[in-house]
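So, here's a batch of structures to check.
Consider the two complexes below, in which subunit A is the common component and subunit B and subunit C are the respective partners.
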Partner chain A sequence: MPKLIIDDIPVEVAPGTSVLEAARSVGITIPHFCYHPALAIAAACRLCAVKLLDGPVKGIQMSCALPAQDGMVVSTTDPEALKMRSLVIEWLMLNHPHDCPVCDEGGECLLQDFTIAGGHSHRRYQGKKRTFQNQYLGEGIQHEMNRCIECYRCARFYQDYAGGTDFGVMGSAGRVYFGRFQEGPLESPFSGNLVDICPTGVFTDKTGRFRARYWDYQFAPSICQHCSVGCNTSPQNFQRETIKIVGRRNDQVNGWFICDRARFDKGYLNDPQRPREPRLDGATCGDDVAVDAAAKSIAEFVRKNGADSLALVGSPRLSLEGMVLLAQLARAAGGARLCYFGDPAQQQGSVAAARLLREENSAYVRDIEQAQWIALHALDLIEEAPMLALSVRKAFLAGAQIFLVDGDPIPARNTPPFKYTAVESLDQVPFEKGGKGVIICGAGKKDPDLLAQIASCGAKLVMLQPGANGFAAGLLAQEHAASPLADLVAARQVRGVVCFEADVPEGLLSGLEVLASADWRRGPVEAKSPIFIPTTTWVESDGTAINYEGRAQRFQRSRLAGLPLKGLDPKYYGNATEAVTLHPPRVHREEVPGGAERDAWQVMAQLIARLGGEPVVEPLEGKWSALRSLDPEGEGIRIFEIVAGE
Partner chain B sequence: MIPETLKTSLKARVASALTPREAAVDVMKELQAHYGWLTDEAVEEAAALLGLSPLQVEELATFYEMIYRRPVGKKVIHVCDSISCWCADCDKIIQHLKDKLGVGLGGTTADGMFTLIPCCCMGMCGDSPAMSVGGVPYGKLTPELVDEILEMERNNR
Partner chain C sequence: MELPLFRHNRPNRVVTFDEYREEGGFEALKKAFSGMSPNDVQQAVMDSGLRGRGGAGFSTGRKWSFVPRDLPGPRWLICNCDEMEPGTYKDRVLLEHNPYSLIEGMTLACYALGVRHAFIFIRKGYEKAAANLARGIEEAKKAGLLGEHILGSEHSIDLDLHLSAGRYICGEETALINALEGKRPNPRSKPPFPAVKGLWQGPTVVNNVETLANVPAIVANGAPWFKGLALNPEGAGSKLFCVSGSVKNRACVELPIGTTLGDIIDGACGGMRDGRKFKACIPGGASTQFLKPEHWTLPMDYETVAKAGSRLGSGGVIVFDEGHCLVEATLNLITFFARESCGWCTPCREGLPYVKEILTRIENGRGEEDDITILREHVKYLNYTFCALAPGAMAPLDGLLRDFEDEVREHITKKKCPFKG
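Let's turn to the complex of A and B:
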């Protein structure tokens, strides 16, 4: 372990750590642009200069490209190093347009921060600046090449890290241009990360353009709910609207990056058509009125038809809290049936995966990255778990063999960023008792016997769940012997349902009485439900989700529930003139307009209380109480011990 | 569209390379010789031959100053403006070339004969100031010598 001294502070770091990272470990941030922990070292920007006063190397060195060694004495504040850094930043800023007031990056711009930190504050260069024509890069990303400082982060990420081929660097010297061969949408499903990785405003999020500044945003650590990978994100909200979503580092899950679905697919959160008001028989009502009516309706139905013919229907969209309370609510309703899935095939696969995965065989991301072979079992990885494709790519670049077993041809738009061999069955994958191999499959709709067979071959396993919180749904469905709704309907065992964030197809609904439902989006259930209670989405709620590998992660509420201020109905304003000003209404009001939603588990807790069940103070009880202290900014914890320790 | 014979020979060139990327410059030069400059069509043809994306070919094409992504004259003049030639007053030579040809840097003469491009060092520092015309290097340039060379190159098609 190399020991060195940085600015009089003794530091000991792992071999291979750069001086820049060693300094960061003791709280010293050396300005840098081209360096990014996830990318290979370029040493292109020359900004991270430090002076080595003593030891194996001496003089001015680039700290990002210099591995820490025993006996080094590093100064980040030496006048020579300071001078070098201020000259470098002055030179990087020569052509920069200084358009911060109209740049979306302003306030969250590394170039702003490090220009100041680098000691450049007065412009001496009076000459002409070089300018470029921007390109249309699709609906996600805005291009503004003039702001570029040529750090190459974008090109290195796009081609080297993410395997894209349609974006890169052209020209040489002062004409270096980052873009495409011809204008057009970027093809990589990871292109949105250019926004995060560019240290300045060359690539900004077009979907949130000119809306708010960094200091206007409300944000909190969150977990993406698009697939079962559970990437860590940070939704940036302004006036009850999710403006942008950016990646948040978690080395156990998504590293630094997120896919484009996670970043750009957010319209549904801000949709003014989202159901916002509690409703009873078609008329808006108070929250208590709706909950009372729902409790009364449940009690009456149970008295008339027996608890047996009532099903409480949840889905993998619920948080763990909601799923746990759904079971308690079923008890409070006198033993109603419980559904976490509609489709039997999905439940089978999900439950089987939750049962088969253990601490020993559930693959960590690093297992994928370091695998010698990876078998994708009948899987379109870019469709089901895009971020894992980047982990598989790392293994591929390190020499791993990748197989697509028994898969349908992958559509061109989902071509993964690695080469693979298509084979017909797992027997054709050349491995010996597992080795350092990983099998990745989608668990939804898979035959449990097949999953058991896959699990028996000794490789590490990734079984992707249908839905963001599918693992938890599988665990609870198993624990409470829940049945898929379709089975119950087919066997004519239920006649009434109460749905919580459940998407029940119309075909299933036709023979059922929907007593009440709670959801944050519209659909056939909501349309048919006489009593409706609006719930919050993941940006507006606190909760826990368990990803495909069994990792529980906490997400936090990042904004208040309610209608976005933009486009707010004039009825909330004092008069018509005021309503067009994009200013919060000047009318005093105690509630947020359209802010009646609550987390689904809170709705369930109220119903439990109304039905005479034990009052719920804290949804995570019993074995789950270990998750109460889960740190939303931490790496999450794998739940196998918790489940086994029951 | 390139002729089938050229396509076949380029395919053979790519096949003989350790990695397709290694053959990229040769392929681009051949296509440039065929079209007179590396057209957009040629970039896409090169990409198809090399198994790269057009962007990846463009990255290489725009890096090398002797791959021309715009139409050029019959002979391209690369006149060095790097440090050694600058010390030997290449500015005077460049100015003379501009006056003589009636074009600015990057321009092509009205008769389509010459395109004038500055370049950065041809390794002829010992003979500075230097230039090349249509691939032929010339050193120790003086305005008079430049006139002679241009005359000769114009006649020697």
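Let's turn to the complex of A and C:
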């Protein structure tokens, strides 16, 4: 363990730690641009210069590329180091445009920070700034090459980390250019990370430009709900609108990055057409009116038809809290049936995966990254769990063999960033005893026997769940012996349903009476439902999700529910004729327009109370209470012990 | 005593394979293969005191000794023929007259280092030299001196010619390795050094053309003979000096190490042109400091030139007379370096154009007093770059500010170049 002194502070770090990281460990941030913890060391920007006063190395050194050694005496504030750093800023500012006021990066720009910090305020250079032509990079990312400070982060991420081939560096000397090699949008499904990784405004999020500054945003730690990987994100909200979504570091899940679906697929959150008002028989009503009517309707139905002809239908879209309360609501309704899935095949696979996975065999991300063999079982990884493709790529680069077992040919647009061999069966994958192997498969719609066979190979397992919270749905469906709705309908066992964030296909609905539904999006259930109660999306709610590996993660409300101010219907302005659609309303209101939504579990809690059940104060009770204190900014916890401990 | 490199040269044409062999060519190879172990060959090169002729002047024997012998997998030898520094054209002259010394030298080096496959990395513009080498390689193969089972032995050595697209940075050995692998020619960070992890991550030696072309004579005649070629006791061997600028005969000449600057100019080059007076010269290619009239009797060897505050470098001598403006000359060199930066690290990519802008203003009479301060900052802080390109580029600027500051100041105070009417 090397011991060194940085700015008079003694530091002891693990061997191989750089001086920059050692300094960071005691709270000293050495300015840097090209250094990024997820990327290989480049030592290109030369901003992290420090002076070594004593020890095995002396003089000005780049702290990112200098491994800490015993006896080093490092000064980050030596005048020579300061001069070097201020010159680096001056050099970068020779060509960087002074366009911060019209740059979307302004306020969250590393170059701004370090220019101010570096003390370069007076322009001595008398030459002209160089200019470039920008490229069209697609609908997600705006390109502004004039701002480039050539830290090479983008090319190193895009090519080395993410395996992209259509974007990189061109030219040399003062004409280095980062862009696509030919016309057209970026092809990598991870291209959006260029926005996060660029230290200045070369790549900005085109889908949310010029709406707000960094300090305007409401943030909270959140979990992406697009697939069962559960990547950590930070939605950036402004005036009840999710403007941007950026990646948030969690080394146990997604590292530093997120896929483009997580970043750009957000229009549905802001959609003014989302059902936001409680409804009774087609007419907008108060929240209590709708809940009362729903409770009354349930009680009536149960009294007439018996509780077992009523099904309460949820889905993997619900948070764990919602899933737990759905079961309580079924009890309060006198023992109504419980559905967490519509499709029997999906439930079978999900339940089987949740049953087969244990602490010992459920793969951690590092198991994937360090594997020697990886088998993708009938899986289009980029489609089903894009971020895992980057973990597999890490293993591939370290020499792992990758196999696609029994899979359909992968469409060209989903070509993964690693080479693989297509084989017909798992027997052809050379898993050796004691070796590190991982099998990745989709659990939804897989035959439980096949999943059991896969689990018996001795490799670590990744079983991707249908939906963001599929693991929890599988667990609860098993615990409560829930049946898939399609089975109940086929057996004519139910006649009425109450749906909570459940997507029931129209075919299934035709013979059913929909008593009430609660959701944040429109669909056949919502259309058919005489009583409708709006709920919040994951951006507007607190909750817990369990990802494919059994990791429970807490997401936090990052903005209030309600209609975005932008484009707000003039009816909320008090004067429908006034053309003020882009300006905040001038009429004071007590309530948030369109803000009647509550988390689905809160709706369930109200119904439970109305139906005479035990009042719900806290949705996570019993074994789940261990998850109440889950830190939204932590790594999450795997739930196997909790489940086993019941 | 006959100097090794140019002794086979014919005026105005390339020596033929037969002529080279008749004059003792490939005898060193036979000698090595019939009675010397690879270690013997390496030891001879070590003892000869041969130093890298590409510019850095590092001991060739020591460079070879850094290659670990116990690593599995292939190791590589690369001949660096990316000769692009302004004022340096010795490798071109050598190869346009005689490709065989290099081919024989590389074969011997491969034998010494245990290399199966070697590359010659040759720059664009050297098509004639490349054609000579291509032909020479074929001839040597046909004669059993290269390829499978050389001279009937168990040793097989292949030599490939790689025609580069041509950038100055490709002369930096790690950038060259990247270029040869088909990547962008950005230098790699060191350590690991190429001797441990170079081409395709294997141990790799990169030597200059002239360095390798010296090897046959060392093996044939022995290390003491080679050492004895030099005129000064510390030196070893001969050196190709390629002279340009204000001399009567601008030529590439082979002279013993230790020949004085005056003897190179007055002797081989026939003196200054048109009776001009010697003002300064760059002794070893564009990335070396100026030498002045007081250095006229300086023996041209690595140590002595370094003590005089410059470097022997590549032996590319550019001679300036009293009518030359050294601000303009330095600007010319900086323009080259600014253009040839690979663009990897900030100080080189941005600092060199900055220096160029300032020198341009000074030369055009728009210089300011503060400019000298800024230039001095660059001389100091452009040392902290990723590779040696920018520090090399600062050498002539450093020399300019050290030895000719008055000339720079005159530009600023008179608001014009004093050498222009």
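To be clear about the criterion, the second predicted complex is superposed on the first by the 639 of 646 C-alpha atoms of A that agree within 3 Å, B and C clash if a C-alpha of one lies under 4 Å from a C-alpha of the other, contacts with A are read in each partner's own complex, and residues count from 1 in each chain.
Convention: contacts are C-beta pairs under 8 Å (C-beta built on N, C-alpha and C of every residue); 3 or more make two chains touch, one makes a residue touch a chain.
Just so it is clear, the structure is predicted and the values come from calculations on it, not from any experiment.
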Contacts of A:F181 with subunit B and subunit C, given as first, second, both or neither: first
Greater residue coverage of subunit A in the superposed arrangement, subunit B or subunit C: C
Touching partner for A:Q273 - first (subunit B), second (subunit C), both, neither: neither
Partner chain(s) touched by A:C45 [first = subunit B, second = subunit C, both, neither]: second
Which superposed partner A:Y125 touches (first subunit B, second subunit C, both, neither): second
Partner chain in contact with A:Y152 - subunit B first, subunit C second, else both or neither: second
Partner chain(s) touched by A:S425 [first = subunit B, second = subunit C, both, neither]: neither
First, second, both or neither for A:T165, with subunit B first and subunit C second: first
On subunit A, the residue positions that both subunit B and subunit C contact, one per complex: 169, 171-172, 175
Subunit C - residues contacting subunit A, complex: 167, 169, 184, 189, 338-347, 349-351, 353-354, 357, 361, 370, 374, 377, 381, 384-386
Residue numbers on subunit B that touch subunit A, as the complex places them: 43, 52-56, 58-59, 62-63, 65
Subunit A - residues contacting subunit B, complex: 165-172, 175, 177, 180-182
Contacting residues of subunit A [partner subunit C, same complex]: 41-47, 49, 60, 62, 65, 83-84, 87-88, 91-92, 94-95, 124-127, 149-150, 152, 169, 171-176
